[in-house]
Amino acid sequence: MPDNTSAFHLLLTRDPALFSIVGLSLAVSLTATVLASFIGMPLGALVALTRFRGRVFVMVGMNALMGLPPVIVGLAVYLSFSRSGPLGSWGLLFTPSAMVIAQAILVTPIIAALTRQTIEDLWLEYRDEFSAMHIGAFKRISTLLWDGRFSLVTALLAGFGRAAAEVGSIIIVGGNIEGFTRTMTTAIALETSKGNLSLAVGLGVILMGIVVLVSALAWGLRRAGERFAG
Amino acid sequence: MNTNAVSADLPIEFSEVNIDTGGLTILRQISLVIDAGAPTVFIGPNGSGKTTLLRAAMGLIAPSSGRMTWGGYTQSSPLRRAIVFQRPVMLRRSAFGNLHFALGSAGVTRSERQRRANELLSLVDLEGLGGRPARRLSGGEQQRLAIARALAREPRVLFLDEPTASLDPAATRAIEELIRSVSASGVKVVMATHDLGEARRLAGDIVLLHRGTIVERGVVDQFFNSPATEETRRFLAGELLL
Amino acid sequence: MNGLPRSFCIYAFALLIALVGPLSNAAGADRSIVVASTTSTQDSGFFDYILPIAKERTGITVKVIAQGTGQALDTGRRGDADVVFVHAKAAELQFLAEGESLKRYPVMYNDFVLIGPKADPAGVKGSKDIRQALVSIKNKRVPFISRGDRSGTNMAELTLWKESGVDIEQARDPWYKSIGQGMGAALNVASASGAYVLSDRATWVHFKNKGDLDILVQGDKRLFNQYGIMLVNPEKHPTVKKVLGQEFIDYLISPVGQQDIASYKLDGQQLFYPDANDPDA
């Protein structure tokens, strides 16, 4: 990307490097969120609906992991995927896949904890009716998931927001390689350190635009949910 | 739907049933037979155990001691029994959605569901409100929808826990009308109420509960006109039973 | 209930797609190598210039991980890079001695310049002797920013302090600030606080936030900065792409590659001087 042009100019002229950076950011964060939801949602639902010893510790743990520092996750994933590390033979270091994995690790606790909260609240409400109507286990879970859909999608958006905004883990495991693993956040870090502040600010505005859009979506969904569910 | 389950429902028979929860005895030495016919109404002050008795009769609570049978069976799956709780919880869907859910769990095929849902809605006089989010209906409407939901299973016994407790007189009347017509169609109604007038209007027979035991039981006219026990007399006279 | 096995299959399939999608990126990158180099080299724009040309000439896609020299060599030691390309001869020779590489090739040199505020409180402007300049800075205790990140630039800076007879560990407080970051960051801090800083010329020319800073001392031979390139030892790390890595090295030291290096100009200034044929480099 040329240095002394603002990000808006690049946006208008459809600079391919800028588009690839934005595209990669969205692809990595979206894939990570999807992956995290496949793990986090069933996990959250399971913890919400079953009673087992140590359940309180698991819940506290899930909530605590929501605050996992990205750099620590980045370091752990780096050490795992380094060629001298246990999973080095997978050849994932410095690739977008490693970034997806690191962000999925960050996002899963958020989705799990929020899913647990939603499902548990809904379960307490619906439990009696479920027993009275003789509803089987699978049907209970699918009903809870469907009826809680607005809150669950909000949880997904929260997870996506966290992924899109972070830089600590992906800069370590991705290496910020131009054209391959450079995302908006890592590009901002780089351009700032190079002194290309106008470019960095421009990228920042684009990123903020995405974050605001996601928040607005979440808010809109909550409103739709309230209007529909009453 | 598990068609192998034994589904017998009447008569419901309690033999010296005690129910304890959390260290407290809620029901004490209950012996009772509920047979087909006109509605059976439980009355009594708050905390007398009406709700617990109702839930036990539905089959939701197992006795701590004593025996309960439905149509002679001790293990009876409640497929043809339905209950409407005191504060019914609507699913976060439309009225139709709630009915479809109940119909689905009762084994009605997809193609049949809309037709039956329409029937149920008009039965409870909620025609035209099918598309509205169920939680946005008024208290009386939700109560009627809850009854419609319960009727989706085509139950032989319908349990109702204080169905008009929070409703204004107009809504109350609508619900009572509905209960009458349900009973007339052959469904056995078992309900709890703290409204003596309502008990009198709807019941075939009355069971008076106090502190977890049955004080008196009898056919409605006889119960109100010539009560057998002193406690019943005082209760009917409006005194607080302690 | 009976829809469960079907929905589970869809679920598992989607999960697989989610994983395989980005993973296919990793598999598909055949003619590519990972080069661990320094942030100064990256910040100077050298890679932006040379890599497309290298790709045209050799068909190799080069992925650059830019870190401080110390970390770049460590990345090589872990086998996470195929080639290391840094500018700290002593550290490179150490790397060789450890057996982490089998041969070091000199490639090019650039030079360092002493940057400071135009007002020049240390009075070093125009000096031809970097050692005297550093001593002035220390005596007048004017603010000085050090990268402090085990980079080639950092090591060169520390060597210069030593050659000036200054024990920097003793004399540092409070005017000497070690920030542990790259060249661009150091220049930013210097610009913001009106301090002196040692920078490579390329990063300085490339730097967009000069503010009140300017070049105050240059040209002293002690400020020359030699680059060396090494293939990570494939015997120690079998996953190293030795054929492609060697091809890339061969390109850089070839007459064509050397000419390409010399042709890189920023603001009309040549930044890097090829010297692959210099036996002392």
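A few points about this structure:
A, B and C label the chains in the order they appear, each numbered from 1.
Throughout what follows, a residue touches a chain if its C-beta (ideal position, glycine included) is under 8 Å from a C-beta of that chain, and two chains touch if they have at least 3 such contacts.
Everything numeric here is computed off the predicted structure, so don't read it as measured data.
Farthest from subunit A in terms of Cα centroid separation is B. Of all the chains shown, the one with its CA centroid nearest the global CA centroid is A. Each chain gets a centre from the mean of its Cα atoms; for subunit A and subunit C, those two points are 33 Å apart. Computed centre separation for the pair subunit B/subunit C is 80 angstrom, with centres defined by C-alpha atoms.
One simple way to say how far apart two chains are is to compare their mean CA positions; for subunit A and subunit B this gives 47 Å. Of all residues in subunit A, those touching 2 or more other chains are 139, listed in ascending order. Looking at subunit B, one finds that none of its residues touch two or more other chains. Against subunit A, in their complex, subunit B makes its touches with residues 58, 60, 77-79, 82-83, 85, 88-89, 91-93, 101-102, 105, 133-136, 153. Listing the residues of subunit C that touch subunit A in their complex gives 1, 4, 11, 14-15, 18-19, 21-23, 25-26, 34, 39, 43, 45, 47-48, 63-66, 78-80, 181-182, 184-185, 187-188, 191, 206-210, 237, 239.
Subunit A contributes residues 3-4, 27-28, 31, 34-35, 38, 82-85, 88-89, 91-97, 100, 136, 138-139, 175-178, 180, 192-198 to its touches with subunit C in the complex. In the complex of the two chains, the subunit A residues touching subunit B come out as 125-126, 128-129, 131-135, 139, 143, 147-148, 225, 227-230.
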